[in-house]
Amino acid sequence: MSAPLGIAGAGAPPGSQPDGPTPTVRSRRARTGPWPYLFLSPYLLLTGVFFLVPFINAIILAFYEINGPRGRVFVGLANFRFLLADTTFHTALWNTTLFALAAVFIQLPMAMGLALLLNGGGRRTKAILRLILFSPNLFGQIFVGILFSVLFLPRYGLVNRTFQALFHWGLEARWLSDPRLVMPAIVLCSLWIWVGLNMIYFLAALQAVDKDLEDAARIDGAGRWQVFWHVTLPSMRPVVVFVAIMSVIGSYQLFELPLALLADSNGYGPSNSGLTLITYLNQVAFRSGDLGLGSAVGWVVAIVIFTVSLLQIRVSRLAED
Amino acid sequence: MLAYRRDLIEALGIDVGALDTWDKFAAVGRRLTGDLDGDGVPDRYMLDLLASGDTALTTLIFQRGGELFDRAGNVAFDSQPVAEVILWYLRQIAGPQKIAYDAGWGQSAAKAMTDGLVLFFLTPDWRSFQYQTEVPWLRGKMALMPLPAWTPGGRRTSVWGGTGLMIMKATQHPELAWELATFLYFDRESLSRRFAETNIVPVLKDAWKRPELDAPNPYFSNQPIGRMYAQLAPDTPPINSSPVDAVARAKLNQAFSRCLEFYQRHGETGLPATIHAELARAAADVRRMADRNRALAEAK
Amino acid sequence: MNAEQAFLVGLLALFGVLYATSAGSQVRRRCALQLGRTVLLGLACAAVLGPFVWLVAAIFKDRTVLNEYVFFPPIDKWSRATMNLDNFRELFRGRPGMHGTVHFWQYVLNSIVYATVGTCCQLFLSSVAGYALAKYRFAGKNALMLFMLGSMMIPQVLLLAPLYKMAVDLGMVDTLWGLILPWMISAYGIFLFRQACLGVPNELIDAGRIDGCGELGIYFRLVMPLVRPMAAAFCLVSFLAHWNAFFAPNVFLHSQDQLTLPVVLQLYLNQYRIDYGVFLAGTALAMLPPAVLFLALQKEFIGGLTSGAVKG
């Protein structure tokens, strides 16, 4: 999963380019004085009111226990201690991590594969196929979740019938009520939505690769696969890292898709097999009414995302050498 | 009650009056469930039960006398009756002689009903109206019967869902809200009209005497379903709730799922012990959640 | 072995034979690879288009036969009973609201207003802020960027409750503006525009200053035209996010006549009446505006989105 599907969008890594004009004339700097602040003032104002205030509210709330609009009790770190011991939270963390791993190791290679396949084609076929493979993105997560909840029906669902026709298995597979099949079902859904989007990123990156380098490698006797692995892929590094990081950040915030897909089991899946960190937050904060615990969960999610992103950047820098 | 395909059942020569306990029901079910056209996939099942337990499981638990919470609001589902229901349920959906299939909701259940894939469906009054709108072509072919009892002469009804009305403290017109509430619950005239339009039996016991409840329902083979439901109503098991009700149901389902996995892997050996262990674990989790809840603590 | 399996196995065999015997012949090898490529792409397209075809078939099928046939009924079974426009009729019948029936076009209008106004606001504010971050040096810039980055890692759901309370206190709940205002800033958008503005040559801006263009003029007349691809890309992304947003509108909007499309469509799948046909018909219709927008902005979208990523 990648790209902004939340309301204010998912991440983009900070650019590595130098920025800003280098003022050789001091008066130039003085002239541009208040302007950056002016340009940024709507952002600062809106952020201050609609982000900082609720955010600080959430920070404070994490140390309280809430029972209804008038019942607030200060409990210190009790919420966090509860989370550390709560098996449901562990399940949510595990499921979400599994999904993020699937996003990086299944979705991205598929997107890369499709981009490679598409790259060799003519311009018109490329445009048409790009359109087709991107179109699932036009739906919202909720629509897709509900659509696929019908497609995954045992015996009558499209997915079941297709699998039965191709592999002689799966007609009665209970994608949404068998705990072992729920996560694969969610992954299948996410593949349908987001492989096309990531493919577009990779396709553009492929086209930006220096053809001369590739040709030189081929002349040196490298096989197709070696050319790809040692010349093409390294040239695409910035895009791959960007897409990978966005996918992971997005995966950890997966919310509306499982909620809609698993509507029959309240959005969590049988035995919490489809519970993600954010649906867990939703359950705790909005369905059980304890915004304090919910804020604590939000905190932990933010820290997890931050840590994982940091790790990813480190790993990608290591791989550079 | 159970809704069933009267035409198919009569054609098979079954007398539903004789199905007055779940044991008898399951015995007949074993005879009827099976593969009819030789393709290896069963084409007829006796009973519709959710594969994840959920509301079907709780309905049967409540009928048995099991509870999620006791009168004082304490967690109470780690009990013998609940374990027995789970054992029975597991056998029917996953055992070697299973009789149940998960027909799902909406159009999928409608298809199962139409094809005769499943013969009997758990049907509270509100669901009976759903059939009338979603499967109208089965008009006259469906009928209702009370639930088979767990023990001879036992309770033949249960609870699935429920509705309440809440007036918020912040409301600007509490008197008007109260007036509406009293009207909705007590006005017999509109209660019977609402019954005619939704099949939902009024909660007001006095209103059960209304003649509208005796009206024959052409969808259900002209049975006076209002009267049938009203006659079972006094037997309805009382349900105790709690602020951690949602957590309790979720944990019960989790325990059930784990028992199902165990059953599929190891069969009956060690199953009762596993069920008790899983129920105890789930109950402990809910108690921990309830202990956190200050509102509950204050109420005590 | 059924028809589908036979077909695929046949293709696989053909590919195998061609490839194995292509030792000496370049042409044959290219044929084999082309076949392989076509098959794989064909499978991918089938997998992607399958649900679409199912969707189109489902909205015209009668409720009773929704699960009977995988896609369309066989031609000889087409009749008023199996294929009809009942789903659309039900969709356009409208829903009861406080002041009379609310019709489908009202929801479409709400969605259009919400998405358009929201996108325009986000576009303007993000581009201005991105430009400032790209082309100016000022105190606290790095700290601000770090803050923006961090803000993207906070789950939105968390902030929903305080924002809802704020909206209620300000009397903005149950209005489209109350829904647009809290999310008018998009950190993702700001970074996108910063990336795009970094590519604008400084000489151009300096020239503009020498010519006496005000700072605002530089932004509107010199910089914006150059970052049009990125703007188009962001427009589409933002429009999609607003158009398909469910959770926040679901919480903030209450009155029937204020609802947006995602919120109202899922109301057709409730406890008492699960009407997949109507929901799917609404979904299909709801997909049209984003599709049109995408077709119009296709080239710029792809160019703009990827230039940000490709350059780093």
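Going by the order they are written in, the chains are A, B and C; count residues from 1 in each one.
By our rule, a contact is a pair of C-beta atoms (placed from the backbone, for glycine too) under 8 Å apart; a residue touches a chain by one contact, two chains touch by 3 or more.
Only a predicted model underlies this, so the values are computations on that prediction, with no experimental measurement involved.
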Between the chains shown, work out who touches whom and classify the graph as line, ring, star, complete or other. complete
Could you find the two chains linked by the most C-beta contact pairs? A-C
Chain centres from averaged Cα atoms put chain A and chain C apart, in whole Å, by 15
Chain centres from averaged Cα atoms put chain A and chain B apart, in whole Å, by 39
For chain B, give me the residues that contact two or more of the other chains. 105, 108, 111
Can you pull out the residues of chain C that are in contact with at least two other chains? 67, 276
Mind pulling the chain A residues that touch 2 or more other chains? 153, 156
Can you list the residues on chain B that touch chain C in the complex? 105-108, 110-111, 114, 126, 129-130, 133-134, 137
The chain A residues in contact with chain B across the complex are 65, 67-68, 71, 73, 78, 82, 87, 153-156, 171-172, 174, 177-179, 264-266, 268, 270-272, 287-288
Can you name the residues of chain C that touch chain B in the complex? 63-64, 66-68, 272-274, 276
In the complex, chain B residues that touch chain A: 41, 50-52, 54, 102, 104-105, 108, 111, 243-244, 246-247, 250, 253-254, 257-258, 261, 285, 292-295
Touching residues on chain A, where the partner in the complex is chain C: 3-17, 19-23, 28-29, 31-32, 35-40, 42-43, 46-47, 50-51, 53-55, 57-58, 113-114, 117-118, 120-121, 127, 129-143, 146-148, 150-151, 153, 156, 158, 161-162, 165-166, 168, 192, 196, 200-201, 203-205, 208, 238-239, 242-243, 249, 253, 255-256, 260, 263, 277-278, 281-282, 285-286, 291, 294-295, 297-298, 301-302, 305-306, 309
